[in-house]
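Per-chain residue numbering starts at 1, and chain names A, B, C and D are given in the order in which the chains are listed.
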Amino acid sequence: MQQFQLFIDGKWIDTNETLDVLDKYSQEVYARVAKAGEESVDEAITSASKAFEREKLSPFERYQILLKASQLISDQKEELAMIITREAGKPLKQARAEIDRSSQTFLVAAEEAKRIHGEGVPVEAAPGSENRMAFTIKVPVGVVGAISPFNFPLNLVSHKVAPALAAGNAVVLKPASKTPITALKLAEILDQAGLPKGLLQVVVGSGSTVGNQMMKDQRIALYSFTGSAKVGLKLKQETGLNRLILELGNNSPVIVDKEADVELAAKTIAAQSFAFAGQVCISVQRIYVHEEVQEIFLEKLKEYMADLKIGDPTDPETDVGPMIAEDEAERAEEWIQEAVEKGANIFIGGEREGALLKPTILTDVKPEMRVVCEEIFAPVASVIPFSDIKQCITEMNQSDYGLQGGIFTQNIDTAYYAAKHVEVGGFMINDGSQYRVDLMPYGGVKDSGNGKEGPKYSIEEMTEERLIVMNLKV
Amino acid sequence: MQQFQLFIDGKWIDTNETLDVLDKYSQEVYARVAKAGEESVDEAITSASKAFEREKLSPFERYQILLKASQLISDQKEELAMIITREAGKPLKQARAEIDRSSQTFLVAAEEAKRIHGEGVPVEAAPGSENRMAFTIKVPVGVVGAISPFNFPLNLVSHKVAPALAAGNAVVLKPASKTPITALKLAEILDQAGLPKGLLQVVVGSGSTVGNQMMKDQRIALYSFTGSAKVGLKLKQETGLNRLILELGNNSPVIVDKEADVELAAKTIAAQSFAFAGQVCISVQRIYVHEEVQEIFLEKLKEYMADLKIGDPTDPETDVGPMIAEDEAERAEEWIQEAVEKGANIFIGGEREGALLKPTILTDVKPEMRVVCEEIFAPVASVIPFSDIKQCITEMNQSDYGLQGGIFTQNIDTAYYAAKHVEVGGFMINDGSQYRVDLMPYGGVKDSGNGKEGPKYSIEEMTEERLIVMNLKV
Amino acid sequence: MQQFQLFIDGKWIDTNETLDVLDKYSQEVYARVAKAGEESVDEAITSASKAFEREKLSPFERYQILLKASQLISDQKEELAMIITREAGKPLKQARAEIDRSSQTFLVAAEEAKRIHGEGVPVEAAPGSENRMAFTIKVPVGVVGAISPFNFPLNLVSHKVAPALAAGNAVVLKPASKTPITALKLAEILDQAGLPKGLLQVVVGSGSTVGNQMMKDQRIALYSFTGSAKVGLKLKQETGLNRLILELGNNSPVIVDKEADVELAAKTIAAQSFAFAGQVCISVQRIYVHEEVQEIFLEKLKEYMADLKIGDPTDPETDVGPMIAEDEAERAEEWIQEAVEKGANIFIGGEREGALLKPTILTDVKPEMRVVCEEIFAPVASVIPFSDIKQCITEMNQSDYGLQGGIFTQNIDTAYYAAKHVEVGGFMINDGSQYRVDLMPYGGVKDSGNGKEGPKYSIEEMTEERLIVMNLKV
Amino acid sequence: MQQFQLFIDGKWIDTNETLDVLDKYSQEVYARVAKAGEESVDEAITSASKAFEREKLSPFERYQILLKASQLISDQKEELAMIITREAGKPLKQARAEIDRSSQTFLVAAEEAKRIHGEGVPVEAAPGSENRMAFTIKVPVGVVGAISPFNFPLNLVSHKVAPALAAGNAVVLKPASKTPITALKLAEILDQAGLPKGLLQVVVGSGSTVGNQMMKDQRIALYSFTGSAKVGLKLKQETGLNRLILELGNNSPVIVDKEADVELAAKTIAAQSFAFAGQVCISVQRIYVHEEVQEIFLEKLKEYMADLKIGDPTDPETDVGPMIAEDEAERAEEWIQEAVEKGANIFIGGEREGALLKPTILTDVKPEMRVVCEEIFAPVASVIPFSDIKQCITEMNQSDYGLQGGIFTQNIDTAYYAAKHVEVGGFMINDGSQYRVDLMPYGGVKDSGNGKEGPKYSIEEMTEERLIVMNLKV
């Protein structure tokens, strides 16, 4: 069995305790990782603080390191994809796509490292300031504490680490304890790519120990977190006056309007709702379908869903594999049962086998059912009919969340009415809520969080803008 | 009869010659204006050059002067509107709208004077430049030579003068010789508003004398011209290495798609094609109508056009008044005749009485007819059927011009296919080509010119960006 | 005595309790204000929520209302200045300057209301997204909870209210309980200016009741707070997943380098350290003077400080008046005593009479004395010698705060070394830390807070950016 | 001897005529190139027009091709450098530096291809436009006609070709007839990199034939030219309403202030004035030295210039090689003689041997001497004393040119006084005028041209911004 160590100050470190990482499909222990104790976490933060002071990489050096990392990620695509498939249970073809995206994330961050710049500020336009001249510069914040989730073990780590380094910061990364190996592999890659020691630490452990300790440490200037709204709130409330980037949950809505291309809608939704067993922040969860097209939509949805291949994630044809843990699958099943008891129908799916929950479509749901109003994070979506688009949107907006949403309609007025009124960070016209490319600004409103990801945008968040004003004599 | 003088170096100047300004409806001489000779033009440019060196207004002072001018324009709305109505023959309600817009143009320029700023340039990201820091500033170009047309005697003058002054430049303005009085009134207003002498000169005379002299004078750093492509080209070819903003002609196309709201299309087009007798750079001239909706569109267009009130421009109800000169109306009539001889039908209108040409719709036109391929600048539009949107757009793009265009369609894919492929500077979805608000970027491609108007954009053109790089020791 | 009421839902409201407002110089009760109970606060938030849904002002309407308010503020300058002088004890000439600045703040916010815009996002550059087109829009966040301090009773309220309204939000404002009257006057002005009812509420009361209740109310989407780091932290930790703008304290440092224009330095610092009795977030508190120029600097500082007129704030010649409360003056005196006991010398000042503390300069201080390491918020500054600029800056950066700082030096390399290394949000070359014009980005790093003020920047913070992506067929 | 062909429509083409390319040091024929006749030029433009319509590369595809080209340039560094050394006579170490820079230029252009985007336009802020939404997109202009000079046979070609392709345009390139081979090599590289045929053509011939024909062809949408002001003016005056980017000459000024680091000034200027025999647009030509430091400056300049190695450009130690042609060296010698006759002194240098002119410093020059007021484009600079910085700058600004300039001074006020008043496109503090990195905006004012180079900036110029406005029903 493979053994993994922590990565602190450029060194691979063992600790007293270890943590088992399961193969999520076979549920067998597949690797063993050193678990960070209090001392290791402290050492990691110390190392980051010192490295931040010591290593002042030029923008071009950061570019070179991140570019090299991007290339190494591509080079090791198959190996990395298989690690993700095993530790996350993510179907291989989705794992491969994740590697490609991570390589892009590093590439874009590398390029953005060379584009960090401030702007002129026309203070001379204020009465009495005629002789002044001002502009801003962007400076790194210092130590970034990154806490990442299991669902994209490489790309969501990349979205934290790559921009943080591009901006000139040092990083202490705590990956999800269920999927730490990919993150450790990334540390290895960055080490190979020439990252000076101390600019990245990877500490593995639970949120309640490692995470909590990180929250208390004032040397961390900024926390970048992706995870549940509950933990996001805790992070906000238990840290000091530090900065925060919070990428939290969603129960993503999509509208299928009466003027929709129903074929396109059904096909896209079938493909997007169940990728990685619905364990994606922007998986389609609430499908609002105009009653005039509901019947035909459901029919077509069924057809497209019949094509989904379910099972062993290492099979390159598989579309839907296991959930991250059997208890998570049980929880989702429970929510389904609760819905059914309250009147919902299972239109498709519903069966569970261990951690494997079949892609499920519910109908006749009610707004207060957990499958609708909370984030299910499972391969389960509900079809909700509507007759009036305005009422539909008012209802959609009842959600505490607001990450991404979408609409299928050919009508430009309907499309933009929705775009203007649906309370989300990103809205897709003729696409599902799950659309994301790594260069775009990504982030939610309301309980879905605060701050944008996408290398250019994260770098904005991970730098401070400093105004410099010159008082000139002539 | 009113007598007007030139405005040079803050003084009102008489010359040996005068120029008669006709009331364009009655065709009677309505005012007499001093005509600039060679000496006056030279003096005007000298005065501007000196004032540019001498008067370094702070951005806030420029703001205050332009704001005051904006207010004075509003205060004198009725008087100014009546001047425009008389010297341009523009219907009073359109003249009033022009005054409101000019006031906005000055207001926005005033505000933009306080927002001129450069940006940071990350030279430190280039290998070997790690110790450098760079940013840009925007500096005024110097003397702006403004040459303006008759169709918006106040607002198109404002679009040159207001941003030029906002940017810190001095101006020599040559208004259209047919409509000089409004421009002189504006000089009076700016004088009242506290503009230091020499920052604005108004010289009246023909293009072939005053205009030509201005072209030869190397002290003018930038020419801002609105007028015909022919004169624009001359300006480009006969000036030195000066900067140019050229706002030239168009034969504006609008598409009425089979999925259009035909009612909206007909109503908008009826209103937009004939305002100021079609003498607007972005008047609808070519109406491409899908054959499936052609009949109903023509019917509705006829209905809406029947509502247009034609005649005396001083009547506040009038929609369409005389053209700028009888020979212009004769020219347009000739083009119509030519078209008819080659097979076109006059669907509506066609009659002429002096300078008054009735709003005219032609059908059965061919691409090579002048009513289609040249800029008619008269209340004449042609309806051209199409069956395939792609072919239609290819045909539309044959034009040498590319200022603005539009499409009426409810279909989002059709709308954006057109937006992406029609070769214009501005494209309107569910609106006519004539949409313009003064804050937006306005300007054409191909023979429609170069450079954008709209105060924010003109200020960009009327300033130079200077890069400042510091080579720092540490 | 004047009586004041709360302003909720466009109505002036009495409550069961009142709060006395003292004249800070005479220490007599000068006005009485209704005190908000739990019910009033709830009503205020309800009213704001409803108004936000109901009143969708166009950007131009917002512009008009804020512009009108700006003008009314100017019109009522003398009355407003006298209110500030009495309720805050701020010297009249500084109060007048504050009115002028507030009028500018509203003006700039009005103008920025017309400039809110998103940007294009090149998603088509991502592999597989070739047919997509994307851009962002900015939407208001909803209800803004504004909590403002006593030191700028009008302008710091303006910096919250004006951009919040410019962005399209509704506001619940809790002004400092020591200086509520100016804020209520501003509500009156906005009411006169045509603000629809419900878009602004003013609730008066203590932080521990009204403030706490506001923190718990999830209907407030964003809190904008100016005040102490301690309360700022509480606000962060006791609110939900809402947005925060925190403008907190500072112990502002200024360097006087050996190559400084010492005359300029002494004059500026004398003027800036004691305005409003040093109760300004960016008052100069730590003066790092190169040992080569220390003697001459101290001499000149003494000369300039001798010119400061101290006493009755209603006297238009007064430079330094009372502190906000006698106990605050006592606290400052205590800190001075503590310093003296530990070895500091009082070079100038130190005497206290009631709330009036004389402008004080300390020498021989140590980094750990509270007069140095905490925010004194009193007319007290310390002169600290240094011999090496790099060490000096390292020492300066020990502070938990980082709002603004400055340097006096003629040497460009020294100036920019400092600008690059001093950890602050704004750095002034040849100016004191106290430089601020209202159009510039203003805000700190570290414990000085998060988020920028200045209307353009606050509007950024008070809107959400929504990405709209179109998936086009062709 | 090597034979080269034209590159048209992806094919290598022979013609009836050939053109000899000399080795500029040995003056022997070193290669023979097919010379484009009228037919070839026409074919090239036709091919570009068709390819522009046919080949719609996605931004990512453009990125990939340009990135590959960047890598191939690096891979072939030694070969390309030797070609430049031979056909341009450029010293090998400078030729190598040029290859590195070209690789960067292609790299940055590749990256910028993925960043082309428009912006939101707040038309909804105009009264009456509340229901509208607007944004801009950037579209390629079409066929770019690139005309490039001999002094950077690869990098100045790269600055035209790389951004043109990045923007989605097709290119017809006419390289300098003295240095065509590098350009042809670049075509080979782009072909290898996967550029679809027709997107780049290289036609070799003289300006008076090939250049003139290109000017007359209306299918070219934009001309990008680097060369003399004389030819630039011709290009402006003899083309139609096409767009122009003109990068013309300069007689670059640098100030050595009394507070300068004279050592740094002398060292930098010695290195920068004579690189590639002064045949660089931004070579230092006019050195304004404060009289207080003139003596020491001249002394140190002499010392540093003594280190320059002169002679065979293929020797990797050589700093100064031959000029591009013997007659050019003769012309420079003549200008020196003329100056000497009018009173100038040759402080250093002045000797000529064939095309090799020794680095020359003149003193006692007068403003009207050609060595001062015209662009000498030879290894010749003049030292001009001054006593008052303001007068000095006024004198400097008499020049018709305004590309780049610089100042050496430690005084921040002097530095920024100069930066604000010297009329140039780029101003260097504590650096010579010759500073350029390829990512920065580069371009002059006055007769030095129009439009900025640097991939990001050229892409701006080589695209058109199209405004799209939606008129929405709700």
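Worth pointing out:
Keep this in mind: contacts are C-beta pairs under 8 Å (C-beta built on N, C-alpha and C of every residue); 3 or more make two chains touch, one makes a residue touch a chain.
These are the chains along with the protein names UniProt gives them: A, B, C, D = 3-sulfolactaldehyde dehydrogenase.
All values derive from a computational prediction rather than experimental measurement.
The chain with its Cα centre farthest from the Cα centre of chain D is C. Pairs B-D and C-D differ in how many C-beta pairs touch across them, and the larger number is found at B-D. Centres computed as Cα averages put chain B at a distance of 45 Å from chain C.
Centroids built from CA atoms put chain D at 36 Å from chain B.
Each chain gets a centre from the mean of its Cα atoms; for chain C and chain D, those two points are 49 Å apart. Counting partner chains per residue, chain B shows two or more touched chains at residues 114, 121-122, 125-127, 133, 136-137, 412-413, 415, 420, 429-430, 439, 470, 472. Chain contact summary for the complex, chain A toward chain D: residues 108, 111, 114, 133, 412-413, 416-417, 420, 439, 470, 472-474.
Those residues of chain A whose C-beta lies close enough to touch chain B in the complex are 58-60, 63, 113-122, 124-127, 130, 133, 135-138, 409-413, 415, 429-430. Within the complex formed with chain C, the residues of chain A that make contact are 104, 121-123, 125-129, 132, 134, 136-137, 139, 141, 229, 232-233, 236-238, 240-241, 243, 246, 248, 415, 419-420, 424-431, 435, 437-442, 445-447, 449-450, 452, 464-472.
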